[in-house]
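Next, two complexes with subunit A in common: one pairs it with subunit B, the other with subunit C.
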Partner chain A sequence: MVAASAKGVRFYSEWQDSGGRVRPHYAGLAEAAGGLGSGGLAGRWDSARRRVDLEAVTFYLDPGSYRVMPTDFLPRVIPLEHWETIAAGVSQRIRAINRFLADLYNGGQDVVPDEVIYTSQYFYPEVQGFRPPKDVFVHIYGVDLVHLGDGRYVALEDNLRIPSGISYQLKAVGLAAEILPEFTDGYEILSYDIRDSYLNMFRSLSGNPEPVCVLLTDGKYGAAFFEHRYLSDLLGIPLVEGPDLYVGQDGRVYVRTLDRDIPVDVIYRRVEDLDLFVPGLRGAYLEGKVALVNGIGTGAADDKLVFLWVPQMIERYLGEAPVLEQAVSYNLADLDSRRYVLENLDGLVIKTRQGYGGLGVFVMPDLGAAYKARVANNILQNPLMFIAQETLDFSQHMVFNEQSGSLEPRHIDLRVFAAQSGDGSVSVFPGGLTRVALPGSRITNNSSGGLCKPTWVVR
Partner chain B sequence: MQTDVGGALDTVAASFIYAARYGYSDTVIHNDNQLRVFPREGEGQFAGATELWSVPPGRGVDYQDRFGNRVRRLRVVEPHTTFVVAAAGRVRLSTELPVGYDVSIASLQGLSEGFEYTFISPLVDPDKVAGLAASVADGDGSLLGAVNGVVRWVYENIIYKRGTTSVSTTAEQVLAAGEGVCQDKTHLALGMLRALKIPCRYASGLLTGQTGETHSWVEFYHPNHGWLGADPTKGLILPPARDYVKLGVGRDYTDVSPVTGSFLSKGGTSGIAAIAAVVVDGEQPTLEDALELLEGAYVVQNENVSVGFPIERPERDR
Partner chain C sequence: MSDSTDSRAIALGANRWITDSRVYNLVWLGRWIERAQTIARVVRWAARQDLDWGSQGLETVLGMAASIRGVNVGPGDTALEMMLTRDSSASLRGCLVAARFNATHVAPVEVIRVIGAAIELMDAQGPPITTPEGVGDLMDRVLPTLEELHATIEEAWFHSAPLSEEEVYRRFVQQQQQ
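Up next is the complex of A and B:
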């Protein structure tokens, strides 16, 4: 089964080659799925869904409205040789971006034009002159990639503030292994332990060899509360809300417990506006009284417009050529780029600069004429609020349709997570979160209603 | 004594102050702003040193935007319920009358200099006022003739009236209402000039010798003389540079608002006051001078503003 785009272009299929033959690394899965048959698969999908319900594997779209994470359990398989390129490229990006942030706040970076960086909503002047523990700003990093086929992975955007999704990656793989044990037959799947990586990273940031660490959540109505709960369980660190923490007379941050208040060394924060949750927390961090994961001000490089200069950051700060390609993008504040974009809108994706989760993403070839005209008008009126990217015909994978009992192609992407420690070492966690777009769409973000899939890297 | 500001011979020195105060109904956790309150260089204006104060001080960084304005990004993270910003400095203003020989509008086409200023912008849609523009411009296709026609028409037909328009009133809304303040007149004139294919920009600043509100006017592009002024509120074209202290230029008000930004608070804005003054031959003003001036300012808006990014401050050029 191969889908065709409106232009008649065939998208690269992860599952099968252009002749319709299942690719070698999917042969085992195809055989296992064939053995179960449509009825068998539907039964397994049903019990998997019950597990997801019972364990409340949720990702809320509207705050407070209950919604489990929709998952398709047919795994995505990444061959090891593809993974080696991905891992090298991801490691390169997090290191280069971290060096850029250190330069931005402590030197005089000249990679990104002033107007671009200083108009970024998440550039924080109060961080200037501040050096975080071990000079690490970005501890947890997630980058969104798409696969164009034959091992060409292309970066679409970097997530540097509070990237979420790693729990869904772990949960999908874990549930698939339990509910579909025959799927793993014949596969040697790369395993990894995020618990050790995270805890070692926390330790590397503190002078205390056994640091007190907490996970700061925005509460049970937040979109990714499942993830906060899951990670605090996995890491064995307390899950705290704003009122559980306070800044003491000595400037340190304390967590309230039943018997006494304990000074905190590392806060794995999953909230953006720190002082809204814990008054004075930003000041405590900037005075070096507590380590924050991630640091303050990382969002300046998370900005979709600043993304344009990541290849230059890699060349400047690491002296290396970028391993991963990235989507060709245009800065609309530049007159020549703006002219080009307005004349070639039909082939482009327009994104709002500060948007996230697939909101404010306009895939122009998929839109009607009236809508296109409105987007063009918006670009002219507010050129600094948007970026344009060349449209990519990226890969599709199969999703099991329980109603029809058949496999259907859908676009997928891959969010890969990495952790950077105080000693500069980077762990890139094999696999990632494969996100599946809705039928007929190229927007894969879970915030836009897409599914996720278990993802394996196989030897 | 005029020693601190360089420039051409036929100039006059002036000191200026711009000050604004924002009151909030609850504690503000962070207040993030872009300040365009530095005098520009060029078109008969020579900028001296400018001092910029804020209370609480916050932290800031300066950069130049794509229109050539010097901007300070200032983020105040000290909890506060009042935010004051004040800029003061000296400039030297040319006393010579600008000269502009007339040329055809056709000679302006394809120039890269004015390209940024030929399109729709948030408050100015040339297409919506194109019919009027065509009927007002005299038919010979000359640049100064067109500018004169448009500026005179706006001056004579749009009644100067406060309180009926807002910071977000568009050019076509001004035309429909038939009234407004200097910001509105400038927007309508810009829309008409752009409809006639004349690159033109919004200039924001202060009026020499006056204490009160900020002012706005039009600058249009001339292939030989660069940017030239026209003031639809006063009904003048090519006014003398000495009459204005220019703080910023852009496509319309949204690009040059002196204070733009957002804040995070459980409450809203409880009162905004702003004032500007230009004194010929004045001494370098101090923060105390600015605060004293601000005491005399009246509250220009008193309304709740929702929290988000960005929020245009409801403060206006008159």
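Up next is the complex of A and C:
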């Protein structure tokens, strides 16, 4: 099997060093893949794809149009020493962000300038004065990291509203182990159980030791519906749609069942517009009648401009130096920054503040002159709508190309998931969802057509 | 939240509560599967009736069958395509696709898998089949898959592993409390 050589390539390769030698933690995988050969790998990929198709491991880009999650089954391997840094950094970020949100909505924060907060689409004034159970707003957290090489992981953005992807991570790892068992030979892979972490977190948010929990979905045509169903099954909590829930006369939220209507303690919500799905749900939450995972108002810290101040949050609230670096970013409302950005567009990524799923992300070095001019014009017209980040030459990983039968490098990132319980404890789930960009692109989001890949943390 | 009157909680399991959305998806899952089977049987019947007449005859018979089912075959359309593969709820494939969406909400993965296998059979055809023999052969493969679906549903929903004594007792106590 042919692997593209790393010689002369400017991006860090996870798979091999600059001399084209397979890195030690990939030696076992390279041997197993070589043993199977192109034909063997193609056959296994075919089996895996059929499983994904038949079991409806879907990620819809177009509602009503069946589409499975494109997956490359060659695992990404993260050495334990790298993971320890990642986990410490992720834990630090979620704790600091939660402290910031509690401060923000209770009148005390002075880390982020007011004009930034008040221009954030997801800052909800009605949440001011509200304290969620145990003061935790963000219970399930996802952060997008890129690897610049040699254990240097850099945060690109935080996902605090409805972080999506953990089921694809679990499914990809499980399928790879079943369909490519020889790949795991010689590896000690860190395993973990999200079920207990999630259920303990739900319990910690409710005074009831056996809380009634449901997962609120936007329905079977929603992009990540597979994840909703998967987590509902895994956690053993009912999957409900908006019309299944209502707010009763006593202000509590009830789920309608054929037996009777049952009061709900915790809603793991996977929808953004709560009142659109369940009229009155927002009010019920703010009156403390029901716990929401994640809470309302978390998007204020999810804003890509607020992201600039996360290191200061860590220093202020935890009294620690940030463990993880984050991409150098610019506030375009600042005149000097704006001037710098407009003069140096070629080396920057421009993002809309509230964009997600790869929408509103412009990797300027990859764009043509006309497109660049349009983006520059938009920045001048609405500087508060955008942020700029330095373009990072982040790592690439081999992907098996079934057509050519060879391994090809593609850019990858890593979405790491963590949960914070009501008692303040944080679980960071080893591995994460590795997302793979399409050829010639650095945008890895699944909503933009990117693939996913199983990820192992190995001792 | 400490005054919750329902102790069934997490341990009760996701599939025990029959919510409105579960009922909706169950009903439609059944309807789409039934509709898919009916279409497959009608098409197979037409293909067998028609063996001596050739493709033109098959199209005529299917056109009448489509008409009886309320499906309008417009100019430029063929009844065979409308009944088999057209991206609409009038076709066999369309019914299976719709059934799969409902199944992803409510059915065990075994059921989803069999529906997927039936769709796969339809998609595995190369160029569109037009001969009565080809159509009959395809239906001879699709119909047993749909029959397997019934067995799978029966097995997955009604013959799951027996409950432990502890679980039976726990449910009994809960029932009494209600």
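Note that the second predicted complex is superposed on the first by the 450 of 459 C-alpha atoms of A that agree within 3 Å, B and C clash if a C-alpha of one lies under 4 Å from a C-alpha of the other, contacts with A are read in each partner's own complex, and residues count from 1 in each chain.
Note that contacts are C-beta pairs under 8 Å (C-beta built on N, C-alpha and C of every residue); 3 or more make two chains touch, one makes a residue touch a chain.
In this text, all values refer to a predicted model and were calculated from it rather than measured experimentally.
Trainee: Evaluate whether subunit B and subunit C can sit on subunit A together after superposition, giving fit or clash.
Mentor: They fit: once the shared chain is superposed, the two partners occupy separate space.
Trainee: In the three-chain superposition, say which chain, subunit B or subunit C, touches more residues of subunit A.
Mentor: C
Trainee: Of the partners subunit B and subunit C, which touch A:233 in the superposed model: first, second, both, neither?
Mentor: After superposing on A, A:233 lies in contact with subunit C but is clear of subunit B.
Trainee: Of the partners subunit B and subunit C, which touch A:125 in the superposed model: first, second, both, neither?
Mentor: first
Trainee: Is A:27 touching anything from subunit B or subunit C once the two structures are fitted on A? First, second, both or neither.
Mentor: neither
Trainee: Once chain A of both complexes is superposed, is A:373 in touch with subunit B (first), subunit C (second), both, or neither?
Mentor: neither
Trainee: After the superposition, just quote the angle formed at subunit A by subunit B and subunit C, using C-alpha centres and rounding to the nearest 10°.
Mentor: Once the structures are overlaid on A, subunit A sees subunit B and subunit C at 110 degrees.
Trainee: Considering only C-alpha atoms, give the closest distance between subunit B and subunit C in the superposition, rounded to the nearest Å.
Mentor: It is 22 Å, taken between the nearest C-alpha atoms.
Trainee: Help me check something: in the complex, which residues belonging to subunit C touch subunit A?
Mentor: Per the stated touch rule, the residues are 1-2, 4-14, 16-21, 23, 25, 97, 100-105, 109, 112-113, 116-117, 120.
Trainee: Considering the complex alone, what residue numbers of subunit A touch subunit B?
Mentor: 114-115, 118-119, 121, 123-126, 128, 273, 275-276, 279, 282-283, 333, 335, 354, 377, 380-382
Trainee: So in the complex, the part of subunit A that touches subunit C is made up of which residues?
Mentor: 50, 53-56, 58, 64, 66, 199, 202, 206-208, 210-213, 219-221, 225-226, 229, 232-233, 235-241, 243-244, 255-259, 262-263, 265, 288-291
Trainee: Any idea which subunit B residues touch subunit A in the complex?
Mentor: 29-30, 32, 34, 58-61, 63-66, 71, 73-75, 77, 79, 112, 115-116, 119-122, 264, 309
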